[in-house]
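Shared between the two complexes below is chain A, which has chain B as its partner in the first and chain C in the second.
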Partner chain A sequence: MKIARFLSYFSGLAISLAAGWTVLPQALYKEVPQPASFSHAAHTGEKGGMQCTDCHAFRTDGSFAGVPKLETCAGCHAEPVGETASEKRFVEEFVKKEREPQWQIYSRQPDNAWFPHSVHVTRGKLACEGCHGSHGKSAALPAYRVNRITGYSQTVMAGMRMDDCVACHRQRGLSHSCLDCHK
Partner chain B sequence: MIRRELIKFAGGAATGLAFTPLPWRLLGDSAIWTQNWSWMPRTPRGEVGEKEANCTLCPAGCAVKVRTCGGTPIGVWPRGEAMCPAGFAGHTLPWHPLRLRQCLNRGRVSSLEEALEASRAAAEGGLAVLDMLPGRTASLLHRVHLSGIANARYIPAPQAEGGTARAMARLAAGSVQLSAELGRAKTVLSVSTPLLDGWAAPRRTAANRGFTLWQAESWRSRTMDLADSRLLIRPGSETALLLGLARQLLQTAGVERRARLLQGFDQLQAAIAHAAPAAAAERTGLSEDRIAALADALLRGQPSLVIADGDPLGGPLPEDARLAAAAVNVLLGAEAFSTRREPPVPKPWRCIECTRLEQVDNHSIGLLIIDEPAPGLALPWAAIAPKLKPEGALVVALTWNRASYARRADWLVPVPVYLESAADAPPPPDTGSWRIAVSPAVLNPPEGAIAAADFVARLAGAEPDSAARLEERQKLAGEEELEAAPAPAFTRILPAGTDGAQLAAAAAANLEGPPVAAHGWRQASVSPLLGKLWQEWDLRPAPGAVTSHPETLRGLGWHADSGARLESEAGQMQVLLEADPTAPSGIIALSAGPAYAQICEAAPNGAWRLKNPKVVRS
Partner chain C sequence: MTRRATPGKAARYGMIIDLDRCNGCGACMIACAVENNVPPPDAKATPRTGLNWVRVFRVETATRPAFVPVMCMQCGDETPCVSVCPQNAVDVDPSTGVVGQIPERCLGCRYCMAACPYQARVFNWRDPQWPAGMEQALNPNVSARQRGTVEKCNFCHGRWHAAVEAAANEGKTGSVSYTPACVEACPAQAIEFGDLNDAAFAAKARAAGAFRLLEPLGTGPKVYYRTGRAEVRGAVSGLIEEAKNGQRS
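Then we have the complex of A and B:
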């Protein structure tokens, strides 16, 4: 049989196709735990009623403060305000000990990329969801999966790469030369 | 499983992998991985802030704001007005690949104390400080500290920029510092000077250009492309053009009447007697009518200005060309020149006099300290070497980099660069109005770096206090700009001792060796990123690029599109020969970096030249 003669070949082909599309891409990433659990939904939903910018604020000079510091959290959570174990743990472990949690940043970009939030949000009128998706409504922090080779998160690799920036700028007819982002 | 089956399996696996995202993903990820190697400099995460400063990379001293992240500068922006590209990249200078970070003694890592000890011993044989960027507060401090050392000299390195103004100062009544006021001129004749391409204060010249520019040059430079009128002259015919122009001007009644009253008129007459219109036209390759039209434009478009400085990296024009340019300026009334007021110097500062390099006797320096604080400063080593004692002379380079004097100096001592210590810009040669422009210390310099003035202070046994002294001078001078004063009367038309016949002979002399038009952009050395961008976008040739007409290259026996070594008696540099059919015939345009100066010798007339150059294929 001719097919039997090429059985080894097709086996290798099938195995590598399966591995290449399923197993190895998963193996490329490792999960790194966040220092504490956090529910965006609890803060931004009906109960919390907060806006993204209440915590992820712009400084007076227009620069973006990013993930809030512990003092912002401590403003409301000097003592637990709810009943959840995770909040109690956060207050005990971080707020009371004044220990800054080392959050893993899903959207961390390379140092050589210059991304001013203020220009995109205030002048470009982009909604936070445009780039960050439904992150602000999530009930729990998604797993932080970091690429073993590049060191960047899967979130960045999936939808916040240079190609995505360029595509959006192209679509809106904005300039997209090297020096626009790589200062 | 037999071997054949294994090979088939591997072949199938390899084929399958090619149709998965894995190999392509690995390629991309590996590329990103190379951006994050541990030894690559990283911007620290932290508070974003801004500091007000002045860019001291060129004499313009542009007001800038430095954006910092976690205390590290990450960008420079202009405050108010425009800024040149080098200014935007200035904050990368501390991380330049050629940056000197530790004391080296002939390539061996050493310490500052050892360098000082060796310097003290050698200073007994006669100490000289060669200041590659004169006019700063650090330059004054060198002179202050040297006053406490016996047999010490301060030598300001000759600069191409401002050469015409210095020649003019020799014609003025009294001792003054003159500046060519580009902002006041309506017509400018630039002779082989890159006026719109990095000369003096690049931003100011480009942003405030309100004059009609005539560019006379032997190749198609960027300034030539941007000029209003272009005069393509033969190589080495600058003096002939200027003397021919002087003759044309003297044929105007008013000009001749005024010129007759000035000293040196006879010498000028003697020089231009040989510069008959036909002779000047033949020497320059221009028509007589074109020279007459130029003279007419300069007379009608007053105030007009003639600048014949030469190129900052390609070398100054010969002294005779600068003298002839000064004479033409005086004939034109010299209305666009002004006297530069010097900011006050604190009274207790006692400075020694400046000594010009050509005044220094040969074999008279036992210890030469070279102060090279910024990129893009060049002086042929062949002009310095004869001044050193033949035996036992020590050369200490207080420098920012490991390139320029690394092969010549016995000791390399690192100095802080822009934004690493408080420093001021030198006075601009293109305006008489200026103020002390200071850049503050935003970053810490590398461990072991010392301000050049502090090194000399320690040698003199004084307190190293250059930062405090700069503050003292800045306070005394205030923040107000010093307005330029009117230029004094010009009592001469040529300096005393000028021989008109010799000037005429210099104008008629043929160029020695191949006609090389060396040109460079001083600020390009600030950041390798700039050079890379410009070269990749074909905005500028890389240092070492040689462009010429194919016929010219063939005539010299040089092969186009090949890497080669340009050798002279002083040294060698790598070049890339390129044929350009649109280039003027008979001229070799060489993009010079600081390495070019090291293979030149300084001719007696002040110009740089290649002695017995040859190109060897590499």
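Then we have the complex of A and C:
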């Protein structure tokens, strides 16, 4: 009798822990599809030969343009230049219809955060890969998973939070006052 | 939290306001609100519940009245709001000298408002609301604050951010120069903005006829006033006390 109670207690505990550690974190995020498939690898490296800044450019005032607009894509892809079905679909669905794709932004930050790319890349000489990893060589876009409660992507929650900013600034002995990064 | 500025790059931004030039038009108040996404007050707002990061006081003197714009003085020493904040929501940025206010950390206790000898802080009683269509004209460089938090002038930090971004892009280092909205809007050019670490600007701030509000308190304000009229200087010294006692709004 005692053993049965002992077993039921621990099996209940094990199930709760398993659910808490595996099921809930999964249930907290929902996957949102990107409007089109995109291969960075097809554009960069030996195959495409493009640099990050060819599409993710700085504006003349130093602000960062982020994900390129359709007109940047249309500059090369007014007609399909390759053989792939996904490119053909992109040209027909977006470029020809002049419909701006609503990309989900993995790194989208809250409205009150200010992250100047020019300060980090141009002045700080940080490589794109330092923060974005091998994203520039990926053959397909990773799944965009958004937190059901906060509305922010898993990418932000996993390594682009304020703690991560402050940790790097501390490590390098840089200023980290509130208004340095908040607007 | 101890914070260090990058050596050799720190600025101490300050202002010199010429009271003999200020004609009390209030353009600085409007420009400030537009720049910093300060919503228009609702119909029932009083001087106490409305939001103004800069206020222009009318001061009567024996001769003609004077007008005194008062915003956050960006106190550099013994900053009263910093020392009382239980949330660490206020700090003095060592790289700019600007007193930062972070509404996301603010719990709305308003201790800082009580501590501020200049009455330069305001409390958000309501979530910001803009008349239909006006939200299209909001400044993307400044985040709107939520209800239940304190806010104040930060020398147009959105403009500072933009200036830093542009300077970095051009490969420049060191402190940047920029112009806050009130300085730009003043038709009488009564407000000068600069870096007090710059010897010429500092000398101007401390020239004859210059003074700071409630200087004996030792808060080290970085907003300087200048007037050639002795009666104005005498009248201004009583200004803050009157505001505190509710005789002036």
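Definition applied: the second predicted complex is superposed on the first by the 180 of 183 C-alpha atoms of A that agree within 3 Å, B and C clash if a C-alpha of one lies under 4 Å from a C-alpha of the other, contacts with A are read in each partner's own complex, and residues count from 1 in each chain.
Heads up, the rule we're going with is that a residue touches a chain if its C-beta (ideal position, glycine included) is under 8 Å from a C-beta of that chain, and two chains touch if they have at least 3 such contacts.
As the structure is a computational prediction, the values presented were derived from the model and not from experiment.
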{"item": "When chain B and chain C are modelled together on chain A, clash or fit", "value": "clash"}
{"item": "First (chain B), second (chain C), both or neither touched by A:177", "value": "second"}
{"item": "Touched partner set for A:149, first chain B, second chain C, both or neither", "value": "first"}
{"item": "Touching partner for A:123 - first (chain B), second (chain C), both, neither", "value": "second"}
{"item": "Touched partner set for A:112, first chain B, second chain C, both or neither", "value": "both"}
{"item": "Contacts of A:16 with chain B and chain C, given as first, second, both or neither", "value": "first"}
{"item": "Partner touching more residues of chain A, whether chain B or chain C", "value": "B"}
{"item": "First (chain B), second (chain C), both or neither touched by A:63", "value": "both"}
{"item": "Region of chain C that runs into chain B when the structures are aligned on their shared chain, from 4-12, 166-174 or 238-246", "value": "238-246"}
{"item": "Shared chain A surface residues [contacts with chain B and with chain C]", "value": "61, 63, 111-112, 178, 183"}
{"item": "Of all residues in chain A, those that touch chain B in their complex", "value": "6, 8-17, 19-21, 24-25, 28, 59, 61, 63, 110-112, 147, 149-152, 178, 183"}
{"item": "Footprint of chain A on chain C - complex, ascending", "value": "3-6, 89, 91-96, 98, 100-105, 141-144, 154, 157-158, 160-162, 164-171, 173"}
{"item": "In the complex with chain A, residue positions of chain B that touch it", "value": "1, 5-6, 8-17, 19-22, 25-26, 29-30, 32-33, 35-36, 42-43, 48, 50, 74-75, 533"}
{"item": "Residues of chain A that touch chain C when the two form their complex", "value": "58, 61-63, 111-112, 114, 116, 118-119, 122-123, 173-180, 182-183"}
